[in-house]
Every structure is written in C-alpha cells, then in structure tokens.
Amino acid sequence: MNPLIALPILIPLFSGALSLVFWRFRGMQRFIAVGGTAALLLSGIWLLDAVSEQGILVSQMGGWPAPFGISLVADLLGAIMVLLTGIIGFAVAIYSLASIGRGHVAFGYFPLMHLLLAGVAGAFLTGDIFNLYVWFEVMLVASFALLILGSEKAQMEGAIKYVTLNLMSSVIFLIAVGLLYGKVGTLNMADIAQRLALLEGDGMVDVLAMMFMVAFGIKAAAFPLFFWLPASYHTPPVAVSALFAGLLTKVGVYALYRVFTLIFHHSPGYTHEILLWGAGLTMLSGVLGAAAQFEFRRILSFHIVSQIGYMILGLALFTPLAIVGGVFYIMHHIIVKTNLFLISGIVHRLRGTYDLKKLGGIYRRYPWLAVLFLIPALSLAGIPPLSGFFAKFIVIRAAIEAEAYGVTFIALLVGLLTLYSMIKIWAEAFWKTSPEDGDSDPYPEVSHRELWLVGAPVVALAVCTLVIGFNAEPIYALAEASADQLLSPERYIEAVLGANSEVQP
Amino acid sequence: MVKSGTLILNVAARFLLPLQLLFSLFLLLRGHDEPGGGFIAGLVAAGAFALYLFAFGLTALRAMIKVSPRDLVGLGLLLALLSTLPAWWQGEPFFTSQWWTIPLIGYKASTPLIFDIGVYLVVLGSVLTALTALMATDRDPEEA
Amino acid sequence: MEPLMAVSIGVLFACAIYMMLRRSIVKLVIGLMLLSNAANLLIFSTAGMVRGKPPLVPEGLASPAGSVADPLPQALVLTAIVIAFGVLSFSVVLLRRAWEVVRADDLDKMKDTDT
Amino acid sequence: MIGAAWNLLLGFAWVVLSGDFSGRNLLAGLVFGYLALALLQPQVPALAGYAQRPPRLIAFVGFFLKELLLANLKVAFDVVTPPWYMRPGVIAMPLTAESDFEIAFVANLISLTPGTLSLDVSDDRKVLYIHAMFLDDEEELRSGLAELERRALALFD
Amino acid sequence: MIDVVKQGLILAGAIFMFLASLGLLRLPDLLTRMHATTKAATLGATLIMLAVALHFADVAIVARAFGVIIFIMMTAPVAAHVIGRAGYFVGSKLWDGTVKDELRPNYDPLTHELKSGRETEANARCEAKLTPREGDGQ
Amino acid sequence: MMQIAVLSGFVLAAFAPLLYRWLGQRTAAIMALYPLAIVVWLLAQWPTVVGGGDPVWLEMAWVPGMDITLTFFIDGLGLLFGLLIAGIGALVLVYAGEYLRGHPDLPRFLVIITAFMMSMLGLVLADNLVTLFVFWELTSITSYLLIGFNHTDLSARKAALQGLFVTVAGGLALLAGLVMLGVAGESWSLAELATRGERLRGHDLYTPMLICLLLGAFTKSAQFPFHFWLPNAMAAPTPVSAYLHSATMVKAGIYLMARLQPSLGGTELWVVTLSLVGGVTMFTGAFLAIRHTNVKKLLAYSTVMALGTLTMLLGIGTEGALIAFVTFLLAHSLYKGALFMVAGILDHETGTKDVTAMGGLRALMPLTSGVALVAALSLAGVPPLLGFIGKELMLDSVLGASHFMALLLLLAFMAAILTIAVAAVVALRPFFGEQRQTPRAAHEPPLAMLLGPAVLAVASLLLGLVPGGLDRLVGVTVAGIGAARAGDVHLALWHGINLPLLISLVALVLGWVTYRRWDRVRARLAYLDPLMARGPEAGYDAVMTAIVRVAEWQTRALQNGYLRNYLAMTLLVLVGLVGHAFFFRHAPQFAFSVDVYLHEAVVAGLMIAGAVTACLMKSRLAAVAAVGVMGFSIALTFVLFSAPDLAITQLLVETLTVILLVLVLFRLPRFANLSAPTERLRDLVVASAFGIMVTLLMLAVLGGERLPRISDYMVENSQPLGHGHNIVNVILVDFRALDTLGEIFVLALAAIGVYAMLRFHAAAPGGRQPTPRREEDDG
Amino acid sequence: MPTVILLSLVLMTLALCLVFARLFIGPSLPDRVVALELFSSMIVGIIGVVAIATDVPSLLDVAIVMALMAFMAAIGFARFLERGGPRDD
C-alpha cells in the first residue's frame, strides 16, 4: 500500500489544471511546463526505485478494498513506462519552450501536453480495465486537440483519420469491457485474471482476447491496423509528433503486454501465435512503408509501425528472454524515436522543410547536428553498440531460441531496411549539398538561445541512448526483472487482491 | 442580420434561466441521494445558458456570466483534484472520502460533494466554451 | 429483453459502421454518434436489465430492500456517455473545420497526407 | 411581489415554529400565512391587491383548463374523422398587452389553447399574428381571444 | 375511487397523446400539425401527471408532478412559437384549404421585418419602444 | 589493458577535431603514435603468444546478463591481425595526413579512420561472439562514412550505400548465425567454441548457422557474388582504400572464417562452399581487374582475387592450405597496402587515376617507382618476395585439395596469369615507357607519403628473403585455426623445382604476354560489357529497385488515403479474428428466454428505426432528427429498465448534441451520394458482419456461465460507507471517482480542442509565425 | 402490471411510432422538428405512467428534466432555419 503511486498521475493532472487556470499567462504556463514535467520525471524515478526495492506497489483509490474500487498498481513494467513518460515529457517540455509558437501556447498547448502525459501515466498505472479505457480516452482526446492545434489543412485531414480509427479502437475496447463485465462481473484486472482462470475451457475467453488484441492493436499501430498513424503523425508541430511518437503507440503495446501476460495467457498457442503473425507483418509493412517515403517525418512515422512489430514480437514469442527483449525494446525505442522527431524538428527549423529532396548540406554546416542524428538513427537501425542493437539482439536471440526462424528472418531484414531508411535521410538531408545552396541565405534565422533549448533535450536523449548501449547491464537487469514479474502474474494478483484471495461470491 | 431572438423567446429565456439554474443546483446538491449529480446538473445549467445564448446572443451572455467559461473549466478541474487531497493529509489513499458536518446548519459536507461541484463546473464550462466558440465563429463567417 | 436488445444493438452497430464507411464527413459524424450510443447500450444490457428497481437506497434504510438493477454498468455507461459526448463535440467541430479548410465533404479528397 | 415574499416567509416561520418540517405542514403554513396577509391587507399599502390574486388565479386556471379540454376535443374530432372541417388561416390580433412579459404570456396562452397558435409579434408589438384552425366565425374567435387576453392581464393588475 | 380516477386520467392522457400523434400524421400542413402537437401533448402530459400526483400522494412528489406540468406549459408553446415562426418564414407551404393570411403581406423575407400594418397611427410610440424594457409585470 | 586502449582510441577519435585545432596539420602524424604504441604493446606479447604458444587473455565484463563480455584474447591469429591493423594503421595515418593536407574535412577523416582502426582491432581481438559482432558492425558503419567521404558527390554516396547495404545485410545474417552458434554451442566465447567443433558440426542448426555465418563473411570480404561493392568503394580517398580494402576490413570476413575453422570447418559443406566460392572469386577478381584502366579499380579487383584465394585456402583446409593462408594473407596485406598508397601518390601527383594516361614517371619519381616495383613483384608472386612464397604455397595447397582439384587448379592458374598482368600494368605502365603529359606536373611526393609504401615494400622484400622469421608466428596461428596438429612450419623461398613452380613459371610467361597485349585484351573484353551489366551488381540494383517498388506498391495498396478502406480493413480484421475464435475455439451456447412487453419492443423498434432512418435520410438535419429519436428512445429504455440517472444524462446529452450539430451543420454542405452501388453493397456486408458479430457475442455472454458481480458490494455499502442513497452517484464520486476524474478531463480537453479549432488558425499562408487572434476577448 | 397502465403504455408507444412516421415522411425540416418535439413531450407522459407502474417516484426527475430541457433541440433547429438553412434539408 503506497498512496504515492498516484503521484505520476496527479502531478500532470494538477499541472494541466493549473496551466488551464493560467491560460492567459504565457510565462506561468512555461514555468508550469518545466516544473510539472520535472516533477513527473522525479516521481517516475522515485517510483521505479520504490518498485525495484519493494516489489509491486498497490494503492486502492478511495480506500475501497481491491476488486471493488479502482486499484493503482505499479509493477516494474508500469514503473519503467512511467519513468520513460517523465523523461519524454520533460524533454519535450524543454523543446517546446523554443519550438512552440505563441499562438499554440495561447490556445492550450501546455495544458494539453500535461494532460496527455497524465493519460499516458494513468494508463500505465491503473489496475482496472475500465479505468484503463478512461485513461486511454484522456490521452486520446488530448492527442486529438494537440493534433489539430493550428488547423492546417494537412492537420485536419490527418486528424479525421486519426480520430475515426482511434475512436473505433475505443469502441471495440468498450464492447470488450462490457462483455467482460457481463461475463465475469468484475473490472479489476487482477480479479479478472483470477476469475477467467475459473472459466478455462470456456471459449469466450479467447473471443474476448481477440477483441482486446484488435483494440490495443489499433492503438499500438500493428499490422493491419496502423493506417491512422502514417496518415497523421507528420502533420502537427514537431514537438507534438515527438510526444506522440514516443508515447502513444507504446501505451497500446503496454496494454497488449499487460493483458496478454496477466489475463489472456492460457492459450498462447492460439493467441500468441496470432500475435506472432501480426508482429512479423507489422515489422515488414512498416519498414516498407518507410522505404517509399521521401519526407523526414513520414519516414519516421512508418518506422514507428515497424518497430512496434519488434515489441509485439517479444510478447508473441512469450519466452522469458523474449519478454525481456520486448521490454528492452520499448525502453530503447521511446527514447530514440522521440529524439529523431525532435531532430527532424531542428532540421525543419534550420531549413524550413521536411522534404528530403529539398534538404541538404546539414553535415557541412551543422556537424554537431549530424552527430546527434546519427546516434539515434543508427540506434534505431540496431547498429551496435547503441541501445537498439541490444534490443534487437535479445529479441532475435529469443526468436532463434524459440525456433521461430521465419520471424527471425523478417526481423533481420527489417533491421536492414531500417538502416536503409536512416541512411536515406542521412545521405539526403545531411550529406547531399542543399539544392538551395548558392542562394545568399534562404534559411530562417535561428537564435542561439533557441538552438540551445531545442538542442539540450536532443543531447540528453542521445546520452540516454549511449548510456543504454554502453552500460546495458542495469537496463537489461531491469528488463529481466520486469519480464520475470510479467511471467508470474500470480504475484501481481497477490499484490492487488491480497495473499489468499479467492473469487468472492 | 437576423435578430437574436423573438420577444416571446426572450421572455421565456429570461424566466427559464433562473428556474433552470435553480433546478441544476438542486440536482447537484441532491445528487448523492436521488437521481442527479454534478454531471447532470452541469448539463442542465449549460442548457440554461444555451437558451439565453440563443435568445439574447453572445455579447449579452458574456455580459451576464462575466467569467470566461475556460476559467470555469480550469477551476472545476482544480477543485475536483483538490478534493482528492484531504485524504492524503489523513494518510489515506487519494480519493478516500472525508465527511464533515458544517456546525450551524448541520449540513453534511464531504469531499465527494466538492468533487461533484468540480464536475459541475467543468461540464458547465466545457459546454459553454464550445457553444460560445461556435456562436462566435457563426457570427462572423468571413473570419473562418 | 436482453436478447431483443442484442439484436437491436447489432443493428445499431451495423448502421453506425455503414454510415462511417460513407465518403461524406457528415455521415461519418452521424455514424460516430450511433456507434457510441450502441456501445453504451451494450454495456448496459449485457450486464442484465431489470424493470422498475433503480439502484437507489430508500430513505432510512442502509441498503435496498430486495435486489436492484446493477448500478456499476450504469456508472460505467454514464462515464462513457460523457466521454462520448466530449469526443463527439470535438469531432463535430473537427468536421466543420475540415470542411472549411479542405472545402470538400468528400473524404476521398482528403488523402494528401497519406501517400 | 412583496406579498408573495411575505407569504413565503410566514409559511416558513410556521414550519420552523411548529417544528414539523414536512411538506404538508409547509402547505398549511402557506395557507395560514395567506389568510393572515388577507387580514392585514387593508392596513399595509404594499400588500394592495395581494389577497385578490390567488382566487383570480384559481379562477383563471379553471377557465383555462376548460378551454383546453373543450378545444382539444374539437381538434381531436377533426383529426379522427376523415374529412376536414377546419378552415385554417392566419389572422392579426391587436394586442392590449404592453410589457414583454404580458405579451409573451398572452401569446403562450393562445398557443396552448387548441385551435390557435401564436406565430409572432409584429416588430412594433401592436399585433400578434395567430394561426387559427377554425375560422368559420372570425368575429367570435376574435372576441374569444380578446376575452382570454383580458382575463390573463387581469392577473397582473 | 382514487384508483379509478387515476386510471381514467392515465387512459385519457394516453388517448390524447395518441390523438396528438394521429393529428401530426394526418393534418395537411405544418401549422395545423403544430396545433395537434402543442395542445394535445400538453394536455396528455398534464393528465398523466395529475394521475402521478394522485398515485404517490406525497407532497414532494406532487410538487414535482406539478413542476412537470408547469414546465411543459412554459416550454411547449415557446417551442411551438419558434418552430412555427421559423417554418412559416422560411416558406413552409400552407394547406390549400387555408382561408386567409394576414401575415404574409406584412412580412419582408429579406430583412425579416414584420410590420403590424398599423404603424401610421402611432409611429412615435413605436420608436420609443424599440428597445425592449427590462423587467416585466412582476 | 587492451580493451581500455581500444575504447580510449574511440575517445581519441572523438577528440581529433579538437586536437586538429591545437596541432594543425601535424595531428595525423601525432595521432599515428597511438597505433604505433599498440604495435609495440602487441610486440611485447610476442614472446608469450608466439614464443610460448599461449594466448593472452584479457578479461573484462560488459553485459553479463546477456552473456556479453568484453574479453579479448590474443592468440597467433589475433596477434597477426592486430599487428597488421595497428601497424598499417599507423602508416596510413601518417600518409593520410599528407594526402589530405589542407582538406577541410581532414579532422573528420581522422575521427572516422581512427574509430575504424579501433573497431577493427576490437573485432580481431574479441573473444565474445556478440562483441565480435559489435565491432564488425562498427567497421561497416565507419567504412560507410569513409567511402562516402566525398559526400557531395552522388557516386560516392551511392558507392557508400552499396558497401554498407551489402555488408550490413551480410552482417545481419552473421548475427543470426552467431546467435545460432551461441545457442548450439551453449557458449558465447570463440575460444571455447573452438573446442566444441564436434558438437557443433553435428548439431541440427549446423547448416543454417554455417550459411548465415558465411553470408556475413562473404559479403564483408567481397566474395563472389557479393564482390561488386568493393571496387565501387574506391570512391573513398586513397588512404582509405589502402587501409580498408587491402589490409583490414575486407579481411574481417577472412578472419572470421579462419576463426571459425576449428569449430565449424572441415565438413563437406564447408569445404565445398569455401573452396568453390573462393576459387570463383579468385578468378572473377583477376578477370575483372584486367578490364580496367583506373589504377584503384585494378587494385581493387586484384584484392577481390586475393580474398577469393584466401577463402579457397580455408576451404581446402589442409595444414598446408592453412599455412599458405597465413602466408598469403600477410603477403597480400603488405603489398596491397603499399600498392594502394602508391596509387594514391600517383593520383595525388599526376591528377589522374588512369593508368593509360601515365607513362615514364620513373624519371620524375624514382623512389615511388622503386617501391611500386617491389610491391608489384610481390603481387605477381615473383621471387624473392613474400608474395612468391604465398603463391607457391597456395598452388601447392590447391594441388592437394580434396574436392574439385582440377577446377581449382585451373582457376588458380588463370588467376595467376591475370594477376601477373595486373601487377605489370600497375607497376610498369605508369613508370616505364614514354613519358606522358599528366594533368598535374608529377614529382616525388613528400616523405610522409612515401614512408608507408616504402616500409611495406621493404617488409615484403625482407620477409621474402628471410621467411624463417615468420615460422613461429605462422605455426602458432595455424595451430590456432584448426590445423590437425601444430606442426613446425618452415617457410622457405626455395622448395626445389616442383609442380607449383612450373605452373608459376608458365603463368609468368603468359602473364607477361597478356600485359604486352593488354590494350587489345581490353578491347576484346569490351564485347563482354553487356554480359557484365547483368552481373551481380545488376542484381543488387534490381533488389534496390524492387525494394522501392514493393514499398510503393504496398503503400498504395495499404496506406491508400481512403479512410473507408482503413475502417473496412480494421473491422474485417476484427470480425475475422473474433469470428474465428468464436466458431473454432468456443461452442456457443445461446440459452435465454425472451421476456418482453409490447411497449418495450416498440421502444427498441423505434431505436432501430431512428438509426436506420438516419442512414437512409437524404437530408442531414433529418438524419440528425432521426438520431434524436434514437437517443430519446434509448433514454426511454433507460427509464423502463431502472436507470434514471442514465436516462437524464442521455436526454440532456442528446439535446445538447442536436444543438451542437445544428450549429455546425449550418455551414456544411448537404449530403451527397458519393459511393457507387457496389461500394455500398460492400459496406453493407462489412457493417452487417460487425453487427452480427456483436449480437452473437452478446447472446453468447448472456447465455453462458456468468460469475457474481462486484457491484453487490457497492449496493450493500453505498449508504453505510458512502453516505449516499443514489448508488450510481456514490460509484461515480466515491467508489470509482478516478474514472470520473478522467472523464471530466476528457470533457475539458474536448472543450479546449473545440475552442482551439474554432478560434486559432495558425497557417496564414506564407507566414511562419502563427498569431493568436483576439485571444483575450472571447470567452 | 395493471391492464389500464399496460394499455396506456402500448397506446403511447404506438403514438410514438406515428410521430416517427411523420418524422420519416417530413416533408420539410420544420415538420420533422415538430415531430421530434412531440416525441419528447410524449416521453414525459410515458415516464409518468412508468413511474406509476413501477412505483418509482425518482423517475419524475427524468420527466422534469425532459419537460424543462427537451424543447431546446427545437430551438436549435429553429435557429438553423432562421439563419437561412435550407428548410428541405
């Protein structure tokens, strides 16, 4: 029992509410943005530390005993995700100070950002299936609003697809929750797990599993449910893209991990086999999508899809090592992907475009930016000894150990094509001479202060990537411990419901 | 330019507004025991203002409610959030309800009630924000 | 009643999906309205429907005399209705803005962002 | 207005003093309060005319309900029988009512009685346009409407 | 006795409502249909609410039942007025059997001005009243 | 420690630009001290490793959880490679400092090449499979950056990409192979795996593992058919070519195969594959070399030939072959490094790389020509140079090959002829004959540039004259890479007149003839151009094009921009998966009684009618009104089934929604019927499938086993503990207040979104800085 | 459930069907709005009867809200028409 588990939710909620109260005061909003996200980051660090020390932490909201109220549960996976949320939130907040225009601030950019983080953190911490739906919606509506902020044509077009398909996912989720409640009469996930075990052999369990798989599959942008992502992620201001890229799909992945390790783990031969197919096709279709693109952010967007495949692969293989790989992949990916989007934003700021055909000459003019790009880009492609390599290595090792050779082949091929995309960006935007070079100076003037503000988070995230790579052991140990927890759901159930809980009549 | 409302509608709005607002308060305070509660009450209040809006127009509405609906939203959220904290002060999990009896009138106040008031404000503020924004753009289509 | 509701909800969902598959944005939004209503009804009726016993504790009693309708799905639906309302108002306005910006009701004309 | 407030106050006072907080007791308190005010009325100028209002109101409600029922039957009869007996049309009814409230009140009353429906008030507020269903005898209709208006306005005197 | 009255009220209310719907379906034009709806439905609801008042016979509930009656009487005509006016002004077609229309000549569809046809006598008074007065009879 | 040295090497690399700022042009030469120090250190290990035959172990942990260590071990092979890498590296650094003098990107060059050097060192010293792979990939990336050094040049970028793509593709296969190796051998230590050959060769995974590993090795060391990237990599500055494409990177694949020889070698598959691929590569390289006039290309193809030879020797795998392998490897590194640097000198001094454009340079640059001659003689395998010993041993091994002896011999013989011709072209053509006008007036290069080739050429000569100095090294190395016994090796210039010598002599003569008729040969070969165009490189191009094609096709097919397709796809997936689970994993039970009053049925019917009407209406607002009817009917359902709170909420929301819609629709166009009938039919099918699915699921849940509810607790405790009589409200504000909190945030967010959409339009065309519009005055 | 009440409920729900028929037929938007308005008024009546039938006075609150708020929809539609929205839409 530790009531403070709620802090990572309450802090951004408070920041968002305060920010909204002070919507007329730009300075105050900027202050809250930094302070709030820093507090979130600190609470994330504290939480991970506490969970590592004390095991799974639970708090019963409202003081109602376990299956009746809403439980907040922080196991290692949840705590890791919260910490990552804090890191990304803080990085994006700093970046936003320089990259977000006054108009966006005046119309609620910062409150939306806080509340998006709150939704994400809520989803990671809740132990209640309906409450998960609520946090999904908080996150989703915040993302809707962020997506359209500015009302440009592309934003509108992207938003319609984003909104519609995500709402579809929410409705599928809701249907599944409704049916689940009708079936087992409870909403607490630990309780559900316990009760569904009683119903083993009742095929409805698999049917419900499929509904959750599709609902979360859409959120996670898995094949063939990812359409909303490439249609929209490249349209909003880049800080928003970065926030989305780092966190949103990962909430879907997290939900898949949670549900398919805690609740639906009884017939992996069926459910996880389907996940395996999904993972392979997701990797492949995402990376091919990127290969066809010629715009910085679109390439990155498609790669989100492809990388999601690796994460799902970890879950689908369902061996201890595979889960370790999946968790490791999530940690690595969130940082790297956010960073790449942030860098694309700097490139855009410097050169005024995301179009690779129109870009060029950055390597010559801004070598520091080139280095900063190479770190996450090569990490994304799984080049050692960066974080992405270890992530990929564990997953592939797990796949080979599980004798899933087909998907191993796909995973390797996708690694190659990922590198191809990153190199495409590198060659076109950085190495190539700019088509506009020779004109006096066609590019917007960027002040030093601004460059520092947008550069600092990029550097920090790059350092994270390097640290994860060079000092992979602690991260690996963390992922291993987390996978260990995930694969013994009885510990989660015991933590939430108490030691000798049985299904209460 | 079309006039905001008709004489009959205006009179009706002027009468119904206090009635509806009163009713909404009634629904709010009584919601813990009978059908009602912050959300329903907030919607009723928002409907009341919407009627006023249709009858008298945006300027009149702004003149009447004085605060910006967005402030209502922020305040409501803050209030709802703050209502979760007293429990923490008592060392209990967030959201644990606290009940006090207000001395003189014997009224039972509680954090759930404060929470419900927050809900009320948020609902009212949100709906009004949307409605006023829509009406404002409706008023001058060339701006779009 | 529940089986009848099951069928009705199925029809509602079918209508919703059919509308969402149209090319007109307005129809899309109407489809969204139908969709959320159908989902709410589903939660409500899957939990079981009871006539004339609302989940209220009579004055002076500690708990209702006899069984009452399950209050939990009602609370869930209430939350879901509110969320759906928020989302719907957002989508409605989004549709209007999209129309103002794109100047077309035809969703097929909104595919620049994809390829 | 002041009279009503006093009446309410007296009603509550009764409830508090008697210590019985039930609705029935409040009703009793209100009735007693009314009677007290009716007695007091000649001495207090602010209460002038207060005592007359409730009976007038009750009489008016009775009149109104009678009209409502009868005219409804007439429309109902026309609806259920296949041929149309009605002779609808829009007429302009001159208004004696002056204040917004009065006009609106009258207009709504007219709307509620079957056979007539207020469409709108002219911009100069002199005329109420009414859609009537049975214009067989326009003069009778007009006088009936005038009677309704007179009785309604009498409530505010 | 009360039970009989109650049941009578309920049935009467139901019948009036049914008639209202029949009228809505049968009557030939918008304005005549509105006659059916506004009154019959109000009457039906009123009767049923009286039955409710009789049934529960509790002050709080009776008050609520009367509340319903009053509210519906306050709102129904307003709604009818607004729709009728809007319908008429946007040019809803009147039934062929309509005998007269004193409004049409006084209405300017472009400016939405509605004259009374009596301006000449009292132009001055009209000017004075252009701005609606605050407050009313009470 | 060596690991620290390698890692600090990377740090040193990163500081190169800073150093350059302090030290200027001398930086490269000063930085060369670092590899030199490593050479010294390695030499210090010589007594242990070579003298005592004991590998030196340097233990270091990295990621123990993943079985990854940073342990280095230095045995004969490691020492040999280490010395070559660090030694030639030092020379190349000195050379490059001069070659790129004044080049603006010299600091960046130093960064990358130092990093490359360290990666290479790590690669050959690492004991752990994963660590080996880490350094392997680092060499790919750094070499990519080096090949693309002239990054503004499109062809350089293309060549860089090609090299990277091929080597990384192989690298990924290698990764799979290494993992299989680790899994099958239950160890991640190369040294340990070397002792588990029996088990590995018998393992089920042996064949796939070997194929994957060889793919990695072949691509990296430019074996046929992956050889094409290497000549293209000549787009790199010449110091890079001298280093990467002679001594180091391309040898990484060779190193790996040698390293794996004890664990995996000796099987039929191994022998056949390696000797055939090696032989073919050997011949291909030599044959293709002769077609070119660009001196760097000539050398590059001859490198391909050498790499093929080395692979072939590993494939033959006899003790003799392994001795030949080590000797040839060493010889090649020395002369090829020297020749490339000479090529760089020629390019640098004359301004051209075309051999036919040069002639008679001997007079202008005598030192260079001498160095070139010595190195070329080694290449040609002429005594008394080390190359000769290597070639003789090679031919001897081929004669002892167990498989395809004749074929291999033929290939080796022809390769030898061609190589001799190439050597002559490189070393004679520019320096002898009549003097020609070159773009730049040629003269002797600065000493720093001559140092490298001279040292290497002299080494070739010395080691050729005194090969006995290598005996121990070769012996230890050969013992380490799987020779049956650690035989005493005696390298000698003269083995008497034997078959290999005769073959060499014939080849020498024929090679000379070929050189004399080189121009004609080239002209003849030109006829083969169309055939060449269909070579493996065309395959590579086809693959690249295919990737883009497939990608575009897939994008068009999947991400086609049509929301309705996305939706339909999503729903079909859902219906498909759920339907499959429903019918195949589950025996649906539908046990229920229909207990309905007529009025309830009518209300349900109205609900449906409202929804269907909304779909059918031609007019938007009529559809809205129909939705309103549906909403009111739902509210009525809530009233009929004991949910007053829901009923109130539903009808309030319905009313407000209608208001909202009406306000918005005012501006919108009317419904248009845009879809074709077939599309509508398709949509109807999708929609019905979804509807039927939901209905069936509900019926199944209603008819199946149902467990008790947690809500019973709430009903019991709402008043006593929650102090409220309205249980739904108590749930909302107390039991599940967190849900409600989230819900009001959703509402607030939606309001902000709506507000921002309506009032804030950032994209004023042309303007970059969006401005808020009257942000203070609207509510 | 007493027959009279059942009968009334059936009668009123059938009446709802007739109203719906008008809404379906139209032909003009105001006709539909009138139908919707009548629909909501009738629901007030139905709620009253259900309250009696089930003896649940709390349902009256639903009726009050309905009586007080449902006409807003009609006002919204009217506003649309007055601002020049096409009446056949």
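Chains here go by letter, A, B, C, D, E, F and G, matching the order in which they are written, and residues are numbered from 1 within each.
What we mean here is this: a residue touches a chain if its C-beta (ideal position, glycine included) is under 8 Å from a C-beta of that chain, and two chains touch if they have at least 3 such contacts.
Every value quoted in this text rests on a predicted model; they were computed, and no experiment measured them.
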Fewest touching-chain hops separating subunit A from subunit F: 1
Neighbouring chains common to subunit A and subunit C, by label: B, F
Chain ID, smallest distance between chain and overall C-alpha centroids: A
Chain pair with the higher count of C-beta pairs in contact (F-G, B-G): F-G
Chain whose mean Cα position lies farthest from subunit F: D
Most distant chain from subunit A, judged by the mean position of its C-alpha atoms: D
Centroid distance [mean C-alpha coordinates] between subunit D and subunit B, Å: 32
Intercentroid distance (Cα basis), subunit G paired with subunit A, Å: 47
Rounded Å distance, subunit D centre to subunit E centre (Cα mean): 14
Centre-of-Cα separation between subunit G and subunit D, whole angstrom: 25
Multi-partner residues of subunit F (each touching 2 or more other chains): 555, 559, 561, 563, 567, 571, 620, 640, 642, 644-645, 648-649, 652-653, 655-656, 659-660, 663-667, 694, 698, 701-702, 709-711, 714, 724-726, 732, 734-741, 743-755, 757-759
Multi-chain contact sites of subunit D, meaning residues that touch two or more partners: 100-101, 105, 107-108, 118, 120-121, 125
Residues of subunit C touching at least two other chains: 20, 25, 28, 42, 46-47, 51-54, 56, 59, 72-73, 76, 78-79, 82-83, 86-87, 89-90, 93-95, 97, 100, 107, 110-114
All chain pairs that touch each other: A-B, A-C, A-F, B-C, B-D, B-E, B-F, B-G, C-F, C-G, D-E, E-G, F-G
Residues of subunit G that touch subunit E when the two form their complex: 2, 4-5, 7-9, 11-12, 14-19, 21-22, 28, 30-31, 33-35, 37-38, 41-42, 44-45, 48-49, 51-52, 57, 60-61, 63-64, 67-68, 70-71, 74-75, 77-79, 81-82, 87
Touching residues (chain side subunit C, partner subunit G) in the complex: 51-54, 56
Subunit G to subunit B touching residues, read off their complex: 58, 61-62, 64-65, 68-69, 72, 75-76, 79, 82-84
Subunit A contact footprint on subunit C (complex, rising order): 20, 25, 28, 32, 35-36, 39, 42-43, 46-48, 72-73, 76, 79-80, 83, 86-87, 90-91, 94-95, 97-98, 101-102, 107, 110-114
Subunit G-facing residues of subunit F, complex: 597-599, 602-603, 605-606, 609-610, 613, 619-622, 625-626, 628-629, 632-633, 635-636, 639-640, 642, 644, 647-648, 651-652, 654-656, 658-659, 662-663, 665-666, 670
